[in-house]
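Please read through the structure below; I'll follow up with questions.
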Amino acid sequence: MLTVKDLKKWFQIRSSIKDTILRKTHYVKAVDGVSFDIRKGETLGLVGESGSGKTTTARLVLRLVPPSGGEVYFRGRNVLSITDKNELRQLRRNMQIIFQDPYEYLPPRKTVQEILAEPLKLYSIVSEDELANKVEEALEMVELTPPGTFLGKYPHELSGGQRQRILVVRPLLLDPEFIVADEPVSMVDVSIRIGILNLFLRLREKYNLTCLFITHDLAIARYVCDQVAVMYMGKIVEKGPTDSVIGDPVHPYAKALISAVPVPDPRDRNPVVSMEETLARPTDTFSGCRFHPRCIFAKDICSREEPELREISKEHFVACYLDA
Amino acid sequence: MALLRIQDLTTYFFMKQGTVKAVDGVDLHLNSGRVLGVAGESGSGKSTMAYSVMRLIRPPGRIVKGEILLEGRDILRLSDEQIRKDIRWERISLIFQGAMNALNPLITVGNQIAEPIIVHKGLDKRDALEKASSLLGSVGIDPARVNNYPFELSGGMKQRIMIAMAMACNPEIIIADEPTTALDVVVAAGIMNLIKDLQTKTGLSMILITHDLSVIAQTCHDVAIMYAGKVVESGEVLSIFESPAHPYTIELINAFPSIKGAKRELKAIKGTPPDLIDPPSGCRFHPRCRFAKEICNRKDPEFREVGTNHFAACHLL
Amino acid sequence: MRLAPAFRRFGMAPVSAQIITIAGTIICVGLIALAFFGENLVHYGPQQMVGEILLPPSSEHLMGTDMLGRDVFSRVISGTKWSVSVSFIAVSMSMLIGTYLGGFSGYFGGSLDRILMVGMDALYIFPSFVLAVLIAAVMGPGIGTSSLAVAIVMIPTFYRVIRSITLTIKESGFIEAERAIGASGRYIIANHIAPFYLSSLFVLISLGAAQAILITSGLGFLGLGIPPPNPEWGTDLAAGRMYIMDGMWWLTVFPGMMIFLAVLGFNLLSEGLDAVLNPQIRRL
């Protein structure tokens, strides 16, 4: 359903006078050539640490941020090339996002009723009298019951978990086919997380959603996603079915990342596959593989040419020269 | 032999809206050379407990009751002067939550590490800086960086510097409050390894405060689980994870997705974290407890032994 | 609009702020009442010649009579409506234009924003009174001119404040959420950003009113405002100037006092509102 090709986002940085004279422009290449497919009904997890570009990728796919290059095909149409405002609006209805921050992403001066009614009103989805019913239905779906008590409340009167539930259900009122979830539980208390994740899973099934799930927490990715793509410095270094990638990672970065995740089992204390500490700055230009300065397996070719994603087993892709 | 014994510690915050019973009768002990993990969500009182040990509670908060025995001596009875000179940093250090943001951006890291050494040990500046240098080496940072400013270092490095600072005066106990939150996974793993290494090498005792059970599972010898200002279960890490006794512990362990092991559906803990101004009557967990009985509403359960070195507070045991 | 939170905020403000706000409100409401009903309450018409010229204040003529034998008290009270009307018209115009442009500029940015900023800055730097005089001199005296002159002078202030608020709010998370849902820029500005303008607008309006009165009186003083024989404070003040030397103080003092009172009232109101609506964080 969704195909992303070679997506790029370069942020231009102010140059010093010296650079302007020498005509050098510096860029932060937040996303530098990212490609993936998501089939209907599937969930792809985009995993990475801070600075890997996963959040920017999510924004690019929905065109919330103007791209520097690349294409995003949703049901055959290139989202990034649409110029007609109405068409874009209809598209927005079909491609939605659940945000991460329940404190900043709800309008502070509107009641729950108004917040949930808004998307319905914007697209005139239901008539005025139906509005109240729909809103109550939505509240019940996310277990904010009895709905009547929540309608008149303002966001600051609700707990973090309750706010997050509103963030989850609001975009679903538009009945989209595709949804991006941007770290939907990272700002919520630990004991609440599973509740919201389970809710998400239920809704996903009920609405038959296709998902792009962004997270830095590999354990959550494993719980929720069918496929996983690991990002490093703006590029995907490994992607494939969740069990394959997380169970048996090939790329050195993926290996290090996955081995570093602590397991909640004291009997299972594994050594961490190491990598060098880095002070690479986001504006640095690279030759060859982005990871090679930190890679303990680095070979000569790694510093010269950037590896492409290659399929090494069923649907499992890796960008590395290691097993060449 | 318990190096640090906390008995019936009670710290309240007296606010306009009511009294927040942040820590309400906590019993804990830390054995020499061991790492004690204190687990709990936000609002469980774990940070407040750490601050209470360091006597850093300021109004409107106050330590209302209890004893904190360091090698038998109650440090709550000491004067402010004694705490400052003899206890803080000399015998017990604290690494704050988000500590890497606590570094002064205008002073070199070397000088910041040297400062407690100069104040407590009385060394002169040059010797203190030398010691700071070697401390940097022991936390895995190039000693030459002693003249760097904080902005020149990454988050992980800054956290290592906080650890170095905490170790500056060779304390017996280090309390670390969420040392790996806000750090990337790989960097966090590096910090945890560092802490483990240091602890084995120097034999110091640690209290590790975190909401992340995985971190505790990987690095601690003993665990105490806190909920709503009370300790609900404590014991050795293996027994807690293999045979958890308290319903909250059971549910908490089940609420953590893992990247290994069988994929099972995880169950959420129903309800919401409690209001500390007006906590539930009887057992504080009872409104959210699957197995709650009538008595749980009335009476606060006692903290009793349920196995070797394994204690829990629940009426069902 | 929900009023309850507003009253609660008033209750939470420091006592000094509450006193100032109430005092200012009383004065302003009084002035507005005079503007509407003043003429009907006084005994004489403002143009009416009622007695001997240049009589000092007495029980019959509370503020004396002027050089044409008109009752100063009646003139002064009737004059309220001129100052208040000009203020009202001018401030409304500035507010509407300034807010609309500021919101648009702040949200959409781009070259339009840059051009507007430069233009507004140019206007802003110009000393307000001089600018008003220039406009009035070009267009000739009259109520329309005065209103326009004052309005133009005040637009940049509204523009800048609104633009600044818009820029800040625009970066908030919930605005991004609105864009993600598919709301248009105009919808977002009107529904989600505009509520944040209100507290600043109240303050700006009262400040603007004070400035408007001052400028109107000033224009009148120079003969560029409301033309005689209309009872405008500034005009009367100018006319009374030459009589001061002969000891006839009531011709200038009373109009001057009204100007002072009006400006004071609006300033108090704006100060008070500012303190109530923008509470400072108290030190613990």
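Each chain carries a letter (A, B and C) given by its place in the written order, and its residues are counted from 1.
As a working rule, contacts are C-beta pairs under 8 Å (C-beta built on N, C-alpha and C of every residue); 3 or more make two chains touch, one makes a residue touch a chain.
As the structure is a computational prediction, the values presented were derived from the model and not from experiment.
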Overall pattern in which the protein chains touch one another (line/ring/star/complete/other): line
Most remote chain, CA-based centroid, reference being subunit C: B
Chain closest to the middle, measuring from C-alpha centroids that were averaged per chain: A
Separation of mean Cα positions, subunit C and subunit B [Å, integer]: 60
Separation of subunit A from subunit C, taking each centre as the mean of its C-alpha atoms, in whole Å: 51
Distance from the mean Cα position of subunit B to that of subunit A, given in whole angstrom: 32
Touching two or more other chains - residues of subunit A: none
Touching two or more other chains - residue numbers and ranges from subunit B: none
Parts of subunit A lying in touch with subunit B, wherever the complex brings them together: 49-50, 159, 161-162, 189-195, 197-198, 216, 218-220, 222-223, 246, 256-269, 272, 275, 277-279
In the complex, subunit A residues that touch subunit C: 62, 64, 88-89, 92-93, 96-97, 99, 101, 103-109, 118-119, 122-123, 170-171, 174
Subunit C residues touching subunit A - in the complex, by the definition given at the top: 172-174, 176-183, 187, 192, 195
Residues of subunit B that touch subunit A when the two form their complex: 41-42, 154, 156-157, 184-190, 192-193, 211-215, 217-218, 237-238, 241, 251-253, 255-261, 263, 265-270, 272-273
